[in-house]
Amino acid sequence: MTTQPVDFRSDNTASVAPSIMEAIVAANRGTAPSYGNDETTRAVDRRLSDLFETEVRVFPVATGTAANAIALSAMTRPWGGIYCHETAHIQTSECGAFEAQSGGAKLQLLPGAQYRITADRLAKAIADAGVGQPHKPQPAGVSVTQATDLGTVYRLDELAAIGEVARANRLKMHMDGARFANALDTLGCTPAEMTWKIGVDVLSFGATKNGCMSCDAIVAFDPGIAHELVFRLRRAGHVWSKMRFASAQLLAYVEDGLYLQLAARANGLARRLSEGLAALPGVKLHVPVEANEVFVEMPDAVITRLEAERFLFARRGPKLIRLVCRHDGTEAEVDQMLAATRRLLPLAANVTALP
Amino acid sequence: MTTQPVDFRSDNTASVAPSIMEAIVAANRGTAPSYGNDETTRAVDRRLSDLFETEVRVFPVATGTAANAIALSAMTRPWGGIYCHETAHIQTSECGAFEAQSGGAKLQLLPGAQYRITADRLAKAIADAGVGQPHKPQPAGVSVTQATDLGTVYRLDELAAIGEVARANRLKMHMDGARFANALDTLGCTPAEMTWKIGVDVLSFGATKNGCMSCDAIVAFDPGIAHELVFRLRRAGHVWSKMRFASAQLLAYVEDGLYLQLAARANGLARRLSEGLAALPGVKLHVPVEANEVFVEMPDAVITRLEAERFLFARRGPKLIRLVCRHDGTEAEVDQMLAATRRLLPLAANVTALP
Amino acid sequence: MTTQPVDFRSDNTASVAPSIMEAIVAANRGTAPSYGNDETTRAVDRRLSDLFETEVRVFPVATGTAANAIALSAMTRPWGGIYCHETAHIQTSECGAFEAQSGGAKLQLLPGAQYRITADRLAKAIADAGVGQPHKPQPAGVSVTQATDLGTVYRLDELAAIGEVARANRLKMHMDGARFANALDTLGCTPAEMTWKIGVDVLSFGATKNGCMSCDAIVAFDPGIAHELVFRLRRAGHVWSKMRFASAQLLAYVEDGLYLQLAARANGLARRLSEGLAALPGVKLHVPVEANEVFVEMPDAVITRLEAERFLFARRGPKLIRLVCRHDGTEAEVDQMLAATRRLLPLAANVTALP
Amino acid sequence: MTTQPVDFRSDNTASVAPSIMEAIVAANRGTAPSYGNDETTRAVDRRLSDLFETEVRVFPVATGTAANAIALSAMTRPWGGIYCHETAHIQTSECGAFEAQSGGAKLQLLPGAQYRITADRLAKAIADAGVGQPHKPQPAGVSVTQATDLGTVYRLDELAAIGEVARANRLKMHMDGARFANALDTLGCTPAEMTWKIGVDVLSFGATKNGCMSCDAIVAFDPGIAHELVFRLRRAGHVWSKMRFASAQLLAYVEDGLYLQLAARANGLARRLSEGLAALPGVKLHVPVEANEVFVEMPDAVITRLEAERFLFARRGPKLIRLVCRHDGTEAEVDQMLAATRRLLPLAANVTALP
């Protein structure tokens, strides 16, 4: 039985990566112009333009919800519709932030296997949307979550097909990259290949879940969106006066590929965990594990026992739990979880067998 | 002539106070529940409830603009009006953040000597506002800036009179305390005396300008406002997943009265600077210096020469400049500025005398 | 073959009932206070309070969309959710008017047989909604459409069950009564029985489709909602300066039960039409006809031929059409339609049989 | 002493002009496509394009507030500023409708003699606005009220100068023409000369005050604005299903110059009234009478006596009243008012003389 809790609750419970913390401390020297007019912030634009192999504008923001809601609102007028998967974080878990920031635009929900939308569904939805009809929200954009909230990852050709439909219908394309680095690690492609090369106009570049302290970023490939963001962010209170401390985090985050190393570690732990669990009788992966999240079904009695033994995770259904692996997780924790599950499964079977 | 720039641009250019940075580093231990459910964040509520001598709810946010716009929007329905001074930051410098967050409520501007509104003006404005008339925004709140954007400070009796008018007319009262600690130092009163005891329902508790890194806070005295803020902040993307790092800053900020010490230092430098300047012929204080900002008029030629010598400050008119003293400023810098001004004044007089 | 078009497009294409037009003309006498302070408008409040057997506030508005969007926005804060059927007009056909007027609140869609939601589904949705969780829109209201957009009608016990769930969870209840009179005719109950007695807090009282010229009305049973509407309507430009001409329409509309007579006529025509069509081989009612709309499936070739013969109606699918009967429709038109369909069905069968 | 009230309260209290009422009745024939797809509505576009000597799009709306708020919101993004006179109706009397419909954009108030803004003030305000600065709402448009709410009228060269400043700074220009016809009568120019020829992009074309029943119109000269209006109006519930009855009003309103005849009559009455009053000792015109409104100062005792004798008008200050002349007013009423004032003035003088 464990005595210290083993934590698979979320990547949001993680610590700050050491070199990122060092960069914050190092940025604390002398004075610097405020509101992003400092040298560190300018360096972020240059550094991420290098990383993405094209000129980008980077806007550090406090949260992923801010990144999503404000990036999306810069893609649409208030009477527009943004297509997304019916399980997208922007629909399920942000309290209507997009609707608030966009002045009441609409999310248009699409179904899709393994929590991914498809180009075909998108094309059909646009065809049926009533373009030009005053009674209907006008198709304005599409948002893909990469990796998805269920831990699956779009293939590049799937993204490219969606991007093509978007472009053909003059929709803008957004990527919710709360777990951008995790997806990148899985696909083994470049940031450019997973974004503007397949049609992404604006990216929520996740950083907090993967080792930063208090910032994510909007990366704008489209200059028109970038222009709007300047004012939209100011009105949402998302322009830090001491921006240098956010920018320092972002610089350290991508320095020498740190962001990829951190994601690879989390992904590797998830792989180890999911493979171990899948091998157990009575345990079933809910969805393929392609990033750092493991959704797994097991007997309720086992779940309850694991909780009692201070394993921390989220329930997502009567027999469904979510386990998230972090950049600062350990193989020992994974193995503890595996051992406990293995140990508890037979007991649970007995419990179930009782009259 | 200076070689290093001497920086009086803003308190936003300041560094993070050492003990606050240490607290951030110390908070980086293990995992913690996200979105403010952590122990550090709970401690902030308790600690500030002690500080304010009443039960408060504290909401750390990324910026002072977020604090102002979202706190104010929780005081009014979209058809409401918020009274404030015509030079208030919320009117002049936040790109309509309040209007955006409130769904189009209105700021109702009041004049007032030395950048302070008065209870009498407020009462008269409410009386003339058309309460109950559908054609008119309905009086909903009042916002005072303490210290004001021009560096003046409301006396407690002035605030109390405003609070009384607000209460008598069922308006909520907000204090923009971007420089709360500076005002507190000036008045020598307690936080309670300057807030809820004179009627403040919700406070933008400034921290970034005075030594924090990346957060300010909304302090809600009114439970109804606190309830709204939970959802309003989420929709504006102002609920950090790793909240503990913001909360750690706030705890350190008030620990052993640090916030007051930092403010006292900035105020002291401003006093030294303003007294020195006021003693020079041809130099005139634009407004009494009651906090850490010095607005001063001097010949344009002197201003230009000071800029050329790399003194950094903001122009606010043909002969008007703003000098802001920081928690991490030095007497040496102040004295450099005084010496340079003293030296340049006669030269400028000559320049002006030329045909 | 017809020569004059026979029009089943919509009840929005109808004329104004003669006595309503007479009332408009009669109202054009002398001067009258503006913005609803006139005697005619006051009489509407009294007259509809009698009709509904309780004190109501009536707000004449230009359109049903205005009535729906603004009534609903008075039931919720911007972070609220309103439950409705996934085919509700507010979701499918009002271009996001609710989202616009509410500042970005969300419609929460429920499935339901025959286009009606059920109390059970509603209760479950509320239970799963995450009440109190900042990440989730908070359940605020429910909207039922009576008659539905597909021409079905809720039974009183179904409405009462929904109302009970609403009340138990402190949700407000809205009825989109664009075809209120048609439903009333079908149920044979009183206006009170179909509204506040089963829990309705605010009603979009349809009038334009059923014989008025240019106005519908919001009928508020809840004084809090009524208070908000005063300001919300003004800000949406829905307070006529010459209100008396709208009020005159509403008075004439309910005078001596005219609204029920008009609805009974439209319903009767729909019954005649649907029974005649249902008796034809190869024709199938898509959904029971319970008001004045007939959704019917027939071979595409017949539909095309009917269109060519200038029968006017709306296509709603490859083999699905909508036929709407109006207060000013005639049995002759219905019979023309029946005769033509009967005549064309065999021809179409032959066409289909061709290689 | 009068027995019937003599009504100078507002032009909103007026009746509908007989030929307009006849047109409404005549439009009530057969069925017609809904939501503005009918022939009458198409004819309005053509007829007003003729009238304005350029291609326009016309959008009938229920009220002048709807016309103003929605037209203006189509000129700006939410972070924009619209310049207008500090006494403009959009600022003082529409309950923040513009702020609501625009998503929180700002009205930027300008002073100006006789309630008119000037090109110089506008140019200076734009120069000082902080174009490109994220902290400041971005100049987006200017709104002029013609005639002003105080009954003064801009000269064409004044308007042209404002239009030039707008164009030079890429601002859109709106005219609030609630009393458009009255101004046109005063200037004796063409509708084209007073609108697009001097730079107006979109016009609130007042009709209700001047003889229509329940509609005003937005006339869009700019196709981009017209495109937005299609959706903005739908979302605000301002697209009538039975549009033909609004369109019939507008057609009749401009038929054979009726709108000008009605305005000429109201203006003539105002001239007669103001000249008569100005000739009386102790009575003073507050502002030149250039349309159909008379603002006049007289002893308070006279005002009170006039009220007691059932003369109806609006008080606007301790000694200031507003008298509005209507298209259906009479010379007899004007003469009654003059006679009564003449009779009461000496009595009032005595009253005042009493201790």
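We call the chains A, B, C and D, going by the order they appear; numbering starts again at 1 in every chain.
Heads up, the rule we're going with is that a contact is a pair of C-beta atoms (placed from the backbone, for glycine too) under 8 Å apart; a residue touches a chain by one contact, two chains touch by 3 or more.
All values derive from a computational prediction rather than experimental measurement.
What is the minimum number of touch steps required to go from chain B to chain D?
The least step count works out to 1.
Using only Cα atoms to place each chain's centre, name the chain farthest from chain B.
The most remote chain is C.
So the centre of each chain is just the mean of its C-alpha atoms; given that, what is the distance between chain A and chain B in Å?
Here the centre of chain B sits 35 Å away from the centre of chain A.
Taking the mean of the CA coordinates per chain, how far is chain A from chain C in Å?
Using C-alpha averages as centres, the distance is 42 Å.
Could you please state the distance in Å, as a whole number, between where the Cα atoms of chain A are centred and where those of chain D are centred?
The computed centroid separation for chain A versus chain D comes out at 52 Å.
Using the touch rule from the top of the page, what residues of chain A touch 2 or more other chains?
Counting only residues that touch two or more other chains, chain A contributes 35, 78-79, 94-96, 100-101, 103-104, 134-135, 231, 234-235, 239.
Under the stated contact criterion, what part of chain C meets chain D in this complex?
7, 9-10, 12-16, 21, 24-25, 28-35, 61-70, 94-97, 100-101, 208-209, 213-215, 231, 234-242, 245-246, 326, 328
For chain A, which residues count as touching chain D in their complex?
35, 77-79, 103-104, 134-135, 138, 228, 230-235, 239
Which of the residues in chain C come into contact with chain A in the complex?
Listed in rising order, the residues of chain C that touch chain A are 78-79, 93-96, 98-106, 134-137.
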